[in-house]
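The next part holds the structures, each set out as structure tokens.
You will see two complexes here that share subunit A, one where it goes with subunit B and one where it goes with subunit C.
So, the complex of A and B:
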């Protein structure tokens, strides 16, 4: 067991590109931390630096109080599960599992015991004499996890371990991971681009973008209090609705809609200024509640998901793309564009919504997120 | 083109190809298996009775059989040497980024750019000065040198085909670079390793230029000994044919046995097993 401390770590490639930009992150002993972000955000590079597969350009990585920057991968006592599983194709499952232990000269009886235990835990017993080529994707995945388990390493690193599986198996393996996590409580850093995986598995989730940490928090806090528009847009499905609004006299104006904001919630400096409004599809309700504001909308499209529906309707305000605001060209977005955008609401399946039909929907102004259009930072976090 | 036309064209071309390549080999074998009188008179022995007289003569020829043994020893020794040197070199170049790698590879390739007869004289002077001429050792060294580049590039492509993650996984499991090479990388390129070894052995077995100039007196190899059959006033055609067949036989057997791996090897790892 180990704690991992990433201190101001950067990765600069030979061409000068910064893949990881002064990242700091502490992973407590036994904690399960997920690094999540779009592809190219530096999450895998950061993981490989912890593993010792990638050199650290700047900063330091401390495992259990010891700086490991110069320690070769083989001496770091860290096990990694790769996206491609990286099983040894010429060895049987049993040999794959015991490889690390045999290298370390673990006594034979001890090796056999640990391999047996891992095989039982992951239901690999019937496969022990097969080679990776004779296994299905899910089975290979379990072998890869088993190979990491038997070593009883200080920490697990997992690099998109589920992304090569088909959708159904992925959900199943995600549950398996969650179960293992509860059982082992080994320090784990898990990389994924899938926010659902991140939210369901992580004790804490670190959202990254362009090599920078955007926010590190519990899944709940990320969802309820995103620090900036990127995190707000990245976490949650369907994506948060964004549009340009304005604060006037303590009221939020969103096109023709008016939302009274609690006085304490309005930052003084934003009075009279444009803001980016963020509203989660799940915060738009089909029934009125206390303090809710009604908006009458003309439904354009209904997606039926079984237990719920997604209703898409137009709003007479300028649309905002979370990506461009976070990239720093918010001013341009606010200036131009058609003053009409689509919002999505997640409603109960019994809601009588149909395309072309007007329905009343209700929003609690307290659930509205406000972001600075120039910096993308949250002015006020909704969900309270 | 219709499938039938394609088949016809394929048959025609393959037949022509076989005639050009196989006919001389067949003729060699046929002459070797006929009474020497045919060879002397130049009559094609197509329908002649089969006799092993010429082969018996070659088997009884201690000098030629000794030369085949020399070829075998030199071939095996140089193949082992080539692999010992080329395997780690190819592994490093295929899996590590380092400054000057491209230059190093270009230099390795350059060792094969000059024809043998251009470099043989400097080598002759070099080996004379260390008194290695006409020894097994000089040919083992030379055959190692001429095959290194080929072996390096073949093996490099095989190693490059290995999924990099398996090497990284081995690393994280606690394997150093040598252990990774021996226990994880090499087993994954077994077919390629065998193909490379066979080719290197064939190169050595067939090599004439260096074998003839740097040795050839006390130490003769098979191809040099073949020359012996035509070195005197009368060319012993029938004996020559039998000897040639004996020289070809081990290679032919090797090629047939290892056909699949070799084709893969010669496509330089372009095809994955």
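So, the complex of A and C:
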């Protein structure tokens, strides 16, 4: 096993585009770190740089104390699972699994033992003589993981390994991954654009956007204390509700709603100024609690998910898009726009909510997140 | 709608084939016009037991096998070199079309001049560098290798283009996976590129093999089967039997024997080209 240290690493393409912008990240020995972000955020490029498949324009990558910038992929002792699995179509499952060991001249008995163990772990025994073309998506996925496992590498790199599977299989394989993670404890860097995968698998999650690291933290901290409006919007499903508000006399004004904020929670510089208010759908409750503020809302739309419902209702405040604020056009957002936006609440399925019907909902002001409209940075991190 | 096609097909393929079959079992020797008639398989036995057949068969096999091997090896190496985009590789790839776009007879005439032992371009070049000059097409030992050089020069670019197209179409991830698994460039070539290109290589072997087997113009223009009968392939033997000895019956039998050879040799290759699809 190994530790991976990414120090101030950048990737600039020939056309000048900066795919990865001075990223620093430490992955401890045995840690499972997930790189997550929207398409084009540089997460896969960073992973490929660790693997040695992409040149590093600037900075350095250290694996187990050794700088690997100039080391070719074949000498890095790192295994990778590709989004397309990248199995060798002309080889049987058994040959695919043993490929890396055979290249390294591992004794035959040792190769066979490791292949047998990996096959047993991933339930591949009945498939050993088949070729990738004769396997289903899930089976190919398991072979790709098996190929990485048998080498017993210093670290695993996984590039969106579940994204080519259908929804049901993806959930199943996610559980398998989690199980493998618990069992093997091998240093892993896992790339995904799916925040649920990131939250369920990662010891720590690194959220990226436009080549920059936005926040590296445990899944719980990312959810409860996002550093900026982008992380707040990206992590959590349904997305956090955002709207323009103002702090006046220690009170948060959101349209016609007033939320008293604890004195310590209000940044002095924000007094009398506009802020972006963030409220998670799960922090809007159907039953009152201690210190909650009631808001009567007119439900517009109800989405029934079985055990819970998503109720969409209007709020008389200017809507804010997380993407625009973090891109630096906060002022423009705050100035214009319709002074009405929709919020979503995640409620218990028994809540008597129906479209067109007014219901009382309750919010604990302590759960409210506040962001600077100009920079998108958190002024106050909520969470209950 | 099909009728005109059937007529054309019958006129151009079926009739000549049947006529060939008819001639092959009859005595059709224009030097003995009064001795015509049914002879059964006698034309075939006299072709096979004739003095030139085994020699011509050997010359043909050596030509096909050596030229094919050279074209495949050189073609694959050049395709590998052009695979990684380098400055100028695109222009070079376009230039590759030129040799096999040329008229074979014109090309053969040019090579005959180049091979000329006295004053030919190649010997002039060798002499310029102080190297011994060679007899090329005038020597028993060098005539066939000379023709192999001509064919390799003309047709290797074709092999390069097909294999290069195949290499370009291979999935990039397979090579990246091989690199991560510990394979350097040459191991990736041997363990990944070559096996994945196998169907395409077999197509090249089939196309070029059949084409080499029926090469005639280059031989006829440059050496006419000589010196002596050093470069007398089955095609040259066939031409001599038909148009110099005027024995059309025996020539038709030889043509059928050649057809059978092509079918027997190409059958297993065709089978292998099709089979990988079934395995997947």
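Simple rule for what comes next: the second predicted complex is superposed on the first by the 383 of 384 C-alpha atoms of A that agree within 3 Å, B and C clash if a C-alpha of one lies under 4 Å from a C-alpha of the other, contacts with A are read in each partner's own complex, and residues count from 1 in each chain.
Quick note on the criterion: contacts are C-beta pairs under 8 Å (C-beta built on N, C-alpha and C of every residue); 3 or more make two chains touch, one makes a residue touch a chain.
As the structure is a prediction and not an experimental result, all values here were calculated from the model.
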- Item | Overlay on subunit A: subunit C relative to subunit B, clash or fit | clash
- Message: With both complexes overlaid on chain A, does A:22 touch subunit B (first), subunit C (second), both or neither?
- Response: neither
- For A:362, select first, second, both or neither according to whether it touches subunit B, subunit C, the two together, or no partner. neither
- With the two structures laid over each other on chain A, which partner does A:79 touch: subunit B (first), subunit C (second), both, or neither? both
- Task: Pick one for A:116: touches subunit B only (first), subunit C only (second), both, or neither.
- Result: neither
- Task: Report for A:258: first if it touches subunit B alone, second if subunit C alone, otherwise both or neither.
- Result: neither
- Message: Quick check for you: in the superposed arrangement, does A:104 touch first (subunit B), second (subunit C), both or neither?
- Response: both
- Message: For A:134, using the defined touch cut-off, is the partner it touches subunit B, subunit C, both, or neither? Pick first, second, both or neither.
- Response: second
- Task: Could you give the residue numbers on subunit A that contact subunit B in one complex and subunit C in the other?
- Result: 51-53, 72-76, 78-80, 82, 84, 86-91, 99-100, 103-104, 147, 151
- Query: So in the complex, which bits of subunit B are touching subunit A?
  - Reply: 163, 165-166, 168-176, 179, 184, 187-188, 190
- Task: Under the touch definition given earlier, write down the residues of subunit C that touch subunit A in their complex.
- Result: 171, 173-174, 176-184, 187, 191-192, 195-196, 198, 276, 279-280
- Note on the structure: Contacts from subunit A onto subunit C in the complex sit at residues 51-53, 72-76, 78-80, 82, 84, 86-91, 99-100, 103-104, 131, 133-134, 147, 151
- Note on the structure: As the complex stands, subunit A meets subunit B at residues 51-53, 72-76, 78-80, 82, 84-91, 99-100, 103-104, 147, 151
